[in-house]
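Chain lettering (A, B and C) follows the sequence in which the chains are written, and residue indices restart at 1 in each chain.
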Amino acid sequence: MSFAERMLKIDRRIIFLVIGLCTLLPLLYPVGLPIKISSEVRGVYDHIESLPERSVFLLSIDFDPASKPELYPQAIALLRHAFRKNLRVIAMTLWVSGTGMADQLVTQVAKEMGKEYGKDYAFLGWSPGGQAVIINMGQNLYSAFPSDYSGKPTKDLPILDGVRNLKDVTYMVSLGAGRPGVEEWYVFGKDKYKFEMGGGCTGVMAPGLYPLLRSGQINGLIGGLRGAAEYESLIGQKGKAVAGMDAQSATHVAIIVLVIMCNVFYFSLRRTSQAQGQVG
Amino acid sequence: MIFLRRQLPLLITLITGLLFAGQYYVPHPASEQMLTSATKWLQIIGGFALILGVTSLFHQHAVKIKRQEAGWGYSLILYAGMLGTIAVGLWANGKESVNGAMTAFGWVYNFMMVPLQGTMFAILAFFIASAAYRSFRARSREAAVLLVAAVIVMMGRVPLGEYLIPLSGDVSSWILNVLNSSVRRAILIGVSLGAVALSLKIIFGVERSYLGGGKE
Amino acid sequence: MDATVLGAWVATGLTLLIFSFLYKDNPLFKLAEHLYVGVSVGYIIVKTYDTVIVHLVVKPIMDNGEIALLIPVAIGMLMLTRYVPKAAWMSRYAFAFIVGMGAGLAIPRTISSFILKQIEDTVRPLLSIAGPDGLTFSMNLLNPASNLNALIILFGVSSVLFYFFFSIEHSGTGRAVARTGIIFLMISFGAGFGYTVMARMSLLIGRLTDLIEFSDASYGRPTIWLTLLTIGALIVISRRARPEPPQEG
């Protein structure tokens, strides 16, 4: 067996080890390379920045623990920005497994920013049905969520004064890890109820949402951990996403090196077999 | 009987389908009220659908435990995890926190469900790296194009890549915003046309697989 | 022991049990995997009960007398007849209602959001070429809204649609268009792969960040102790699982 053949059949656990180390070492010893801001992320930031105080900001936390590392930092950065701008923040989720996480992050950021429940923010919790919830909220928010997460009637929440349905929402961002997510919020929400909308999503989903971004159906897109790191940089409060960017760099470079190595071995093997074929 | 078992369900689909497709174009208060009520109903029915989806596991693992098939001990762990979570969940009234304080249900969620689900997906990182090493080869011109695009985007979306090759950021942004957008747009249009066609087939009873098999 | 510290130990232990799969499939991983399914199902059942039965049905009926909500409950119950073989056909009413309504709601909204809006945005930017001052053509590739990019997008959309949807034989000009469609597709799939790598690595970064946090002395360093324990357990398991040498005779 030639060297190239042996290298191509290398034990996968060696690759696992390389990836593990490339992730772990930059987390332990960060370098802090600068992060360039993309126009996609700036779209969401600029829109929130332009909103007048007490505008209604709806954040739909449509992900579960499987996507926590990517979308949790996005949610924290967005909430910090919204609270800093003194917006009325209404949070909710369409993903049942994300309820606990959504509750935790809203409570945590609100406490950090000194916000009062019911007056500055509210967490509506989860409701099943996906698209049905969106349409029902568009028709009548109190029908979709008669009570908030803690069981208090939503009609008694001062933060919802003047808010009847999605038409009264000034800006909405869905942080989606799949379905229901950004697309459903557009199709069943914005299409009819005409609120302004931005999106946040996992890296896997991001390329698929670019057509909506280009057509202006969403006015910004925060994609994956990189998007979260950009948003953290924009609000000037660096968190877990920025901290993870060095590790992200290292793993990407590691994978590129692996791909190049694999191709070098593949072509050397192909050349050898072609040469043998000619001799034979 | 065949009317009750076969034709009536198809009639319900036809009527509800046409009614709610037409409703979009009729903004009359009565029509809007119907939409509000019906979507509220759909929310509640969605809860039952969720239960139907997860409870199919009950039977499967109960049979395994009963017959003591290979790996029945794991099924027992599954049941213990499920019943334990239900017990603490009901005890905590289904709330992970009350006035900011974590309940026992919240503890199970935060320290069991979150790390378990998160890690289950995190191990994919290792497998994608291994798969890239084993099969990401420029065997043809098309595969080479795919590979080059992937490498540019991987470089252009991390700070180190932009630092080493400053142009990679702009090139990957162009790939995503223009070339990728056009492809995803074509796919989106195609998939949407397919979805509309399928919906019409369902409404008019051409597609009936959702009714399931069983006796007529 | 403080609940958070205990939680850190449990979370670290479960994380490591799942990671043990990287060495090979083993009983520790299977244990964690089944526990994950059990806890998730239990969680969904509790949340559904609390949200649907308590807050969407019982409370509105008791407090506001919204008796009409019993109709969706009845439809939902019909769905559960799937478990009773003799009455399973009744579940068809529930599915007919959901699927019919879902299809009806989706048709106009999908046409408006994804077909008309996307076609409109593919064609509309070309109109800006004929601006009020006569013909203008912006060539800036870095501006996604430039005329040059608008033309590229139009060409990309058309060629990919041609490649996918026209079943005529791809020969002559058609072949060139279809081949261009393939190149566009490959570039997009490459970008998709790049982003998928980014996403998967982010998930790993998230888990390792937690493990680093839990290696702190304030938690009792569960990461270090439990890593050693997991490695030890894996060594014992792999020694036990080593097959006996075949006996001669």
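Some notes on this structure:
Basically, a residue touches a chain if its C-beta (ideal position, glycine included) is under 8 Å from a C-beta of that chain, and two chains touch if they have at least 3 such contacts.
Computed from a prediction, not measured in an experiment: that's the story for all the values here.
Using the mean of the Cα atoms as each chain's centre, the chain most removed from chain B is A. Per-pair tallies of C-beta contacts place B-C first.
Geometrically, the chain at the heart of the complex, using CA-atom means, is C. For this pair, chain B with chain C, the centres built from the Cα atoms lie 5 Å apart. Between the Cα centres of chain A and chain C there is a gap of 12 Å.
Our note on geometry: chain A versus chain B, Cα centroid distance of 16 Å, whole angstroms.
Along chain C, residues 22, 40, 43-44, 47-48, 51-52, 56, 102, 105-106, 109-110, 114, 118, 121, 144, 153, 188, 191-192, 195-198, 201, 203-204, 206-207 each make contact with two or more other chains. Shared contact sites, meaning residues of chain B that touch two or more other chains, fall at 24, 40, 42-45, 47, 49-50, 93, 95, 109-110, 113-115, 117-118, 120-122, 125-126, 128-129, 132, 147, 150-151, 154, 157-158, 173, 176-177, 180-181, 184-185, 188. The set of chain A residues touching two or more other chains comprises 16, 19, 23, 66-69, 96-97, 99, 127-128, 135, 151, 192, 206-208, 211, 214, 226, 248, 251-252, 255. Listing the residues of chain B that touch chain C in their complex gives 5, 8-10, 12-25, 37-38, 40-45, 47-52, 54-55, 57, 71, 74-75, 77-86, 89-90, 93-95, 102, 105, 107-126, 128-129, 132, 142-143, 145-154, 157-158, 170, 172-193, 195-196, 198-200, 202-203, 210-212, 214-216. On chain B, the positions that touch chain A within their shared complex are 24, 32, 35-36, 39-40, 42-47, 49-50, 93, 95-100, 106, 109-110, 113-115, 117-118, 120-122, 125-126, 128-130, 132-134, 136-138, 147, 150-151, 154-155, 157-163, 169, 173, 176-177, 180-181, 184-185, 188. Only residues 13, 16, 19, 23-24, 27-28, 66-70, 72, 96-97, 99, 125-128, 131, 135, 146-147, 151, 186-188, 191-192, 202-204, 206-208, 211, 214-217, 223-226, 240, 243-244, 247-248, 251-252, 255 of chain A touch chain C when the two sit together in their complex. For chain C in complex with chain A, the residues that touch the partner chain are 22-23, 40, 43-44, 47-48, 51-52, 55-56, 59-60, 102, 105-106, 109-110, 112-114, 117-118, 120-121, 144, 153, 188, 191-192, 195-199, 201-209, 212.
Residues 3, 6-8, 10-12, 14-15, 18-19, 21-22, 30-54, 56-57, 68-69, 71-73, 75-77, 79-80, 82-83, 85, 88-89, 91-111, 114-115, 118-119, 121-122, 141-142, 144, 149, 152-158, 160-161, 164-165, 182-198, 200-201, 203-204, 206-207, 210 of chain C touch chain B in their complex.
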